[in-house]
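Pasting the structures here.
Same chain, two partners: chain A is paired with chain B first, then with chain C.
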Partner chain A sequence: MRDNASSSNSGNRRDFLRGSGVAAATAVFTQTAQVGMDEAAAEALAAQGVAVQSGSMKITLQVNGQSMVSEVEPRSTLLDVLRHRLDVTGPKRVCDRSSCGACTILLNGQSIYSCTTLAVAAQGKEIRTLESFDTGPKSVAHAFHQNDGLMCGYCTPGFVTACQALLEKNPNPTLEEVKKGLDGNICRCGTYVGVVQAALDAAKAIKV
Partner chain B sequence: MKAFEYVGATSVDQAVKALTPGSSAMAGGTDLMNRMKDYVTSPDRVVYLNDVKELAGISGDPTSGVTILAGTRLADILASESIKKSYSALWQTTSDVGTPQIRNMASVGGNLMQHPRCWYYRSGFGLLPKSADGKHMLREGDNRYASIFMTDGDALYAHPSSLAIPLIALGAKATLIGPEGERTIDVADLYKIPVSNTDTLFTAKPGEILKSISLPASTGKNGSFEARHKQAHDWPLVMASASLTFTGDTVSDARVAVYGVAPLPWRSKAAEEAIKGKPVTVETARAAAAAAAEGAKPLTMNAYKVAMLKTVITRTLCVTVGNRYWEA
Partner chain C sequence: MAANSWPEQTKLINTRIPRLDGIAKASGKAKYPSDERPEGTLFGVILYSPHPHAKIKSIDTTVAEKMAGVKAIEVIAGPGKFVRYHGDDIAIVAAESEEQALDAVRAIKVDYELLPHAATEEQAMAKNAPEVVRGGNVRKGRAQTTGKPDEALQKADAVIEAAYSVPVVTHVCLETHGLTARWDDKNHITAWASTQAVTATANELAESNEIPVSNVTVLTEVMGGGFGSKFGADIWGTTAARLSKKVGGRPVKIFLDRIQEHLAGGNRPSASAKIKLAGNKDGKITGMIAETHGTGGVARGAQFPLPYVYSIPNFKREHSDVFVNGGNARAMRAPGHPEGCIIMESAIDDLAAKLGIDPLEIRKANLAPGDFRTKIYLDEIAIGADLIGWKQNYKPRGTQKGIIRRGFGLALHQWGGGGANDKQVSCTISSDGTIELKSATQDIGTGIRTVLAIIAAEVFGLKPTDIKSNIGNSTFPPGQSSGGSTTTPSMSPPCYNACLEARDELFKKIAPGLRGTPPVTDLSLADGQLLVKGQPVMSFKDACRKIGMNPISTLGKSSPGLASNGVGGVQFVDVTVDMETGVVKLNKIVAVQDSGLIIDKMTWESQVYGGVIGGLNYGMFEERVVDPISGRMLNPDMELYQLAGASDIPEIIVHAYEPPEQKQRGVIGIGEPPTIGTAAAIGNAVSNAIGVRVTHWPMTPMNVLNALAAQEGKA
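Here is the complex of A and B:
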């Protein structure tokens, strides 16, 4: 019944979804897969204060200090919402399996893979992407430039973000700590020597 | 990824109520998200646990025991000085899991409840993958990372949880919470061998989630050592943890667990018996490691794990008493 919003007994369900902050657009229910439980179970859960969300929903994300509103589904990844809905294209989609690091962002100050995070779960948290980072002479980005820390450049946003996260936690990393701190990112061009030196140089420059 | 309903739980009570049949609990998502993307697991509902504040944190003291709530991120374990000092087997293993990003996302509970990394399973052929003519895909196929113990059965994948190994060596208990309340079991008893491709890997009852892990008081010495292909972002090939108590220089009690060699976290009673009553030297450790390898039945492509098991157990026992002889 959920794929047919004109069905006479879909009212409770839709009212409940509205109540839990979901945009209950008719088109949404015709487009999304049928999932989950029956109406009675949904109402029983709602009565116990458990909000179940499905279909299309409006969320607000705090991205680089700005509130951004987007229409998403529960299954939308944070990376796809940032890139395709909000036009925040610094984080890159490469492996989409939490293996390569190109999608790295900072969530509440912690480096994470945005490809493996649900957008809906990022509500209420501080999202920082490299668009917000300093690019001046004392920045991580500048150190990458000075050290030839890139070749094709596709991994670079992820590396710069991981490097920023490392230096915010540990302003004086040793070579070993830099290697361990950046081991969640892959560069298929093999620019690791430049990347590691950039991290060490950026640490020095930021302190001056 | 198939569409699902989403419940952003803010309390354990909400989470347990929302976990109806067909639901999956998700914490960091580093395992479940990838299984959903690959259509290996397609839940009707995802219950998100990472915002449940009462599920995160470390409390207690190594002199009386430490409790780690299941939602605690791996990065928070690494930040705990008392775990680093008194439960170094756990600290070291945690430090080797995944990458900084994964350790910022992944929870202790999610690490313990992850699914095997077997490529046949991850490609949709099930935990006990058989081809159309009835042949076991892992036994007949590429089994380089599979088990070397319990290989007479059909579960040939290697158990995936790194953290289960030090926790079992340390004698940790797991507390589950579900519709019928709480119960506490040994960490090793979280797991079972599935009897079919639709069976579960876990002993948790429907609707139960992992609530906490309790480490007993630290009374002896413990340590871990792992062998892997590369230092950055890799899984252990073979990893072991040991927890030893001493009378003078002599081992009075020992618990040794091994990763990567069986479809369950492998407790090596043979190694434990062999090291008991002896001081830990490279020689006694090698003898214990040789005992541990007895009975191994590798598959066609993973006999290297038998040799690796011996080296890893030898080094684990030596690390536990602070002897890194191979670096000398």
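Here is the complex of A and C:
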């Protein structure tokens, strides 16, 4: 349990739990949850050793090697903080419910859906978005470009990031492994043929 | 002089060129309208109806107005107004943060008088159904009759009688509908809009805010998908501008959430048909009688073409639009055609099965004599049959045994398309060698930005990346809205003419200063060089230095001979079906497509792949599920509203049908045609595999098992 974020109370803001209760709190405070938790319940949980936070607070995020400070609410998702407060707009908000992968980023090297990750939970972790990736001739972006693995391009950041994550873990993926590695992402324009070929080409190019 | 044909020899046109904005998009650096956050931006969140039908008795925004961060609220449906579907707009809050706006939306108190609803077609067509619109829920169109259909049915060797249906599906644009609007001063608006039509959006913003359209700038540098559903500012955009005015001009950003995008962002209407199709042993279709209906929600628009593709001498058709308490339909990629194709291609396949004729032969026997598409179809059927291995693989329906069965099917489609002839492109050559194109069209992912650059680069002997292809700005010369496969045929001719005229102007300006003062007819451009009588004399850049201070600027218009319309297309599908689970596995899809002269083969191919995959989704996964009791959509998300992922994509073969006579037709669009036939061909392949027609789309295990159960009398 960390305590670097201050707990300023600003009236009607809904309370929030974090620290060792992050997992449970995440389940409670998704945006679909109808209303915030009532105070009695919050107090009960606080008594169990879980910190309660509310209002807005300043947090520092490590984004693409830079320290970025932002005023957020405990409920603010990492994606929304990146896009709406820090203008890191590569990751896109599409389904907002971990279904489509357009918001994919790398958190401590793991590909995650930033639309359902709380910003406060990303403090102290290394956040990488595709803006920081190589775009040269041996890059994933280059392979997407050369294979026309994009049309409108709104899903593309997610696919590029998922592809980058896949290749960092498995530099020699088979066709089936590529498909499986990208199955957490959805494209509406129907660019899958180019996307899959791009992933295979990028794997080859990066090795050379 | 405007051109009337494309050059016969080309270096770039008709080759594979990667799109200009590919790296920007693949690096996350391309700024979409929803990425823009001009200084001082407020976030708008929409309160929409949770009910399918209600009267607003009262609405109280007083608590919401006082909440932290809230700057302005606009009520769209005030007291006395009706909401007519789940997702209908009620009010919009603008606040400093999206979270604050969301809280304020929740604090708005609405007192609803709940009214009975008819959210499904079954409910809307029932006796004594609640009226969705005045005048009744079922609007019968005038019956179309040709020849003597009743007589034709009596005399035919075989008649099939069947019912087919396909549900409402939604566009699921990945970037939701919306824009950010800012009053720059008392008379000017700038908007960053996710739209297929910057011009229409500017017009709507101007009209609703009562300022001249010349005072509105709509910007769409790139955008995240429209598929026919984004042709204006919409109520959300005009309200964003009103809210911006209310708060003294601060930008207001309103983009729908995913739920409302499904509910109110548009959809493709459903289609149902009761159909009788008659034919003879020689494979000739003699007659058809069809009763059809569909729903476009609270709006009309469920009409679709039928008969489709084939020549049927005697037919009668009655169509009804059914109104339901659902979001209104909008044009969706090839509006009407995928539905018409499913109905027609199912019926013709079932008739072929009854007559014991090869599905491929019955299609060949019923193409319209004398139609220009007939030869194209015959060629395309032959090519496609070869690519799918029809001769070796096809087995008649009902002859397969075992639990795992393989099936083959095909479908034909057509599209009109073609360009508008009143669009313009400007071309400016500056003394530093910069070439800039401008037009108020927009790239919705189809590649028009790149297409224009290819044409310019061809004329100037440069690389496409040397060209500044500037679109997506409503203040540029009039450009085409991106819909109906019309963008490329509308924009390519004026672009070509603008570039030719600019090049000629360049030659005229610099020829007198060249050694030996050659006549302009001796000048040409190639590989970045100026040539005199075919010999390079200086670089293009150096040549441009000679034009002096004033740039050359031309405005190209359309001219006959460069574009055309009307295409066919054939698709074949190979599937495997598990008879016990009803699971359909796609093995292979072949798409053979004509479309005149292809400017960029790479983006063209992507469009065809994308069309096929769109059709694959329609054939296999997509369905708007509405709960009749609550009248709400049950799957307004991207989890239960299913779309294909990478593992769902089979081998897809795209074959461009482009003999010389196709190239001579000039440019024709490609967005719509390849998405039309896929779902129909999938249905036919499934039916071929399992020996019985699956009458309801998509080809889910449930629908497949229901069809098998119906055959066994267990339905």
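As a working rule, the second predicted complex is superposed on the first by the 157 of 208 C-alpha atoms of A that agree within 3 Å, B and C clash if a C-alpha of one lies under 4 Å from a C-alpha of the other, contacts with A are read in each partner's own complex, and residues count from 1 in each chain.
In this text, a contact is a pair of C-beta atoms (placed from the backbone, for glycine too) under 8 Å apart; a residue touches a chain by one contact, two chains touch by 3 or more.
Keep in mind that what you see is a predicted model, and the values were worked out from it rather than measured.
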Thinking of the overlay built on chain A, is A:179 touched by chain B (first), by chain C (second), by both, or by neither?
-> both
Does chain C touch more residues of chain A than chain B does, or is it the other way round?
-> C
First, second, both or neither for A:165, with chain B first and chain C second = first
For A:91, decide between first (touching chain B), second (touching chain C), both and neither.
-> second
Which holds for A:104: it touches chain B only (first), chain C only (second), both, or neither?
-> first
Is A:61 in contact with chain B, with chain C, with both, or with neither (first, second, both, neither)?
-> neither
Could you tell me if A:112 is touching chain B, chain C, both of them or neither one (first, second, both, neither)?
-> first
Scan A:75 for contacts with chain B and chain C and give back first, second, both or neither.
-> both
Touch check for A:188: first (chain B), second (chain C), both, or neither?
-> second
Report for A:120: first if it touches chain B alone, second if chain C alone, otherwise both or neither.
-> first
Is there a shared patch on chain A that both chain B and chain C touch, and which residues make it up?
-> 35, 73, 75, 96-97, 99, 179-180, 182-186
Residue ranges of chain B in contact with chain A within the complex = 1-9, 14, 17-18, 20, 22, 29-30, 33-34, 36-37, 44-46, 48, 50-51, 75, 98-102, 104-105, 231-233
Partner chain A, residues of chain C touching it in the complex = 18-19, 21-23, 25-32, 34-35, 37, 43, 67-68, 97-99, 102-103, 106, 172-175, 222-225, 227, 257-258, 444-447, 602-603, 605-607, 609-614, 616, 637-639, 643-647, 649, 652
Could you please specify the touching residues of chain A with respect to chain B in the complex?
-> 32-33, 35-37, 41, 45, 48-54, 73-75, 77, 96-99, 101, 104, 107, 110-113, 116-118, 120-121, 162, 165-166, 179-186
Using the touch rule from the top, collect the residues of chain A that touch chain C in their complex.
-> 10-13, 31, 35, 73, 75-76, 80, 83-84, 87, 89-97, 99-100, 102, 129-131, 133, 135, 140-142, 144-146, 148-157, 160, 178-180, 182-196
